[in-house]
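Next up: the structures, one after another.
Look for subunit A in each of the two complexes below; its partner is subunit B in the first and subunit C in the second.
So, the complex of A and B:
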């Protein structure tokens, strides 16, 4: 069997257990159960601070009606950022590189925001299809364009996360392979490649966090329009 | 691309939502946020003594 660079994204099993299952179950052991102490340990304090500040920040533009989504969106953020960051460790499997997972989250949540808008305030929800101040002759074209852009949203949401993480992992593997192969042949170039790899890894850490945040932020924006 | 292999799509979807709905909200909700503590004042405030009845 010839290995290709895409094989890291397959959904493999090890000893009969699919790695996807392990990658989805084990990260939550890193989040201990909070105690009833007023001042807890560092890990719990950090996690609590993050959850608190994130929820506060995300709920600011949403009105009271949007606050029902606080738990869902914060859980989604914790889910995505943990999976993304843990995937950067060597030999780990990143579930968020799977299109199935990302589309599986993007489509239902986007659809939920659209249906909420259509049910509670259908005029306002449909009114978003026509930006203010459009010249009259352009109205039909613009409505078509806005409808297309509305339906592209879930696809963009899912594919954005998948593509960013997949591309990052692929690049890391490629450049690592290059550095490894070059090491006996051209050590100086291999050293430069290794430096590039270090910088790329730092970039991927940032991308992991940012992409998780962007996913949840865009969902909150779609909610803001419709709630 | 192996991600486009449709075989485990539904399993992945189902399993990831299961974990997302069962495990995560419990962990997120169990964090409580007490009110911010106030610092004790340096001096105790002077209380006014009350030695006579209300009326």
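So, the complex of A and C:
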């Protein structure tokens, strides 16, 4: 069996049973549940601090109506960040490299923000489609442009996450293969390539966290417009 | 260090809103008051919220009407063709 560079992105299965569900459940097992003890241990304390701080920061620009989304957005952020970081371990599968998963997150959540806006404040939601102060001849053109940009949002959300993670993983594999192949032939070049690989891995750790944050932040911005 | 002349929080989700705020604050281009808007401009303008909503609905209505006319015309063309072939 000849392995290609894209085999790491194939949805895993064992004896015909898809293992995607297992890959998605794994982050849930890694986080301890808050206990009824008065003082928690270090891990729980750090976890609680991070989640509270993140939720506070995310909900700052949103009004009281937007606070209903706190649980959904924070849990989505923790989920995405865990999936992305676990995918950086060797020989693991990253579910967020699958466009279907990311679109499954992006489209329903974006659509929910649009429908909430249309239902609760239709005038403001429709008014957003035409910037204030537009010259009269440009009005129809700008309405079309803003409508297109509205519909492009979920596609951009999903594809951004997919493309960033896929590109990163592919680069890591390419440079690791290059370092491995060059090691017996040109050891000095292989050492430089290995150094580049280390720096790229650090970059990918940052990208993994940032892309999860950007996904959730953009959703909160879309919600801010409509709630 | 020069400070920004823009002094309000501008929503960054729309480029159009950014341009409008910059126009207002840097060049002093202000929206006309509601008294100055007369006739059709009172209902269809890009300054008031209701005006913008009406412009959006009118644009969508024009496109929907054009699409409906086009599909009805296509259906009418298909019907004479099928009746002439039988």
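Following the convention adopted for this analysis, the second predicted complex is superposed on the first by the 223 of 227 C-alpha atoms of A that agree within 3 Å, B and C clash if a C-alpha of one lies under 4 Å from a C-alpha of the other, contacts with A are read in each partner's own complex, and residues count from 1 in each chain.
What we mean here is this: a contact is a pair of C-beta atoms (placed from the backbone, for glycine too) under 8 Å apart; a residue touches a chain by one contact, two chains touch by 3 or more.
Keep in mind that what you see is a predicted model, and the values were worked out from it rather than measured.
Looking at the superposed arrangement, the partner reaching more residues of subunit A, out of subunit B and subunit C, is B. By the touch criterion defined above, A:38 reaches subunit B but does not reach subunit C. In the superposition on chain A, A:142 makes contact with subunit C only, while subunit B stays out of contact range.
Look at A:93: by the touch rule set out above, it reaches neither subunit B nor subunit C. Contacts of A:69 after superposition on the shared chain: neither subunit B nor subunit C is touched.
In the superposition on chain A, A:128 contacts subunit C only, with no contact to subunit B.
For subunit A in complex with subunit C, the touching residues are 122-124, 126-136, 139-140, 142-144, 146, 149, 221-222, 224-225. Those residues of subunit B that touch subunit A in the complex are listed here as 1-5, 8-13, 15-17, 19-20, 23-25, 27-34. Those residues of subunit A that touch subunit B in the complex are listed here as 6-7, 9-11, 18, 20-21, 24-25, 28, 31, 33-34, 38, 44, 47-48, 51-52, 71-72, 74-76, 78-79, 95, 97-101, 104-105, 162, 166. The touching residues of subunit C, counted against subunit A in their complex, run 11-17, 19-20, 23-24, 29, 31, 46-47, 49-50, 52-53, 55-57, 59-60, 62.
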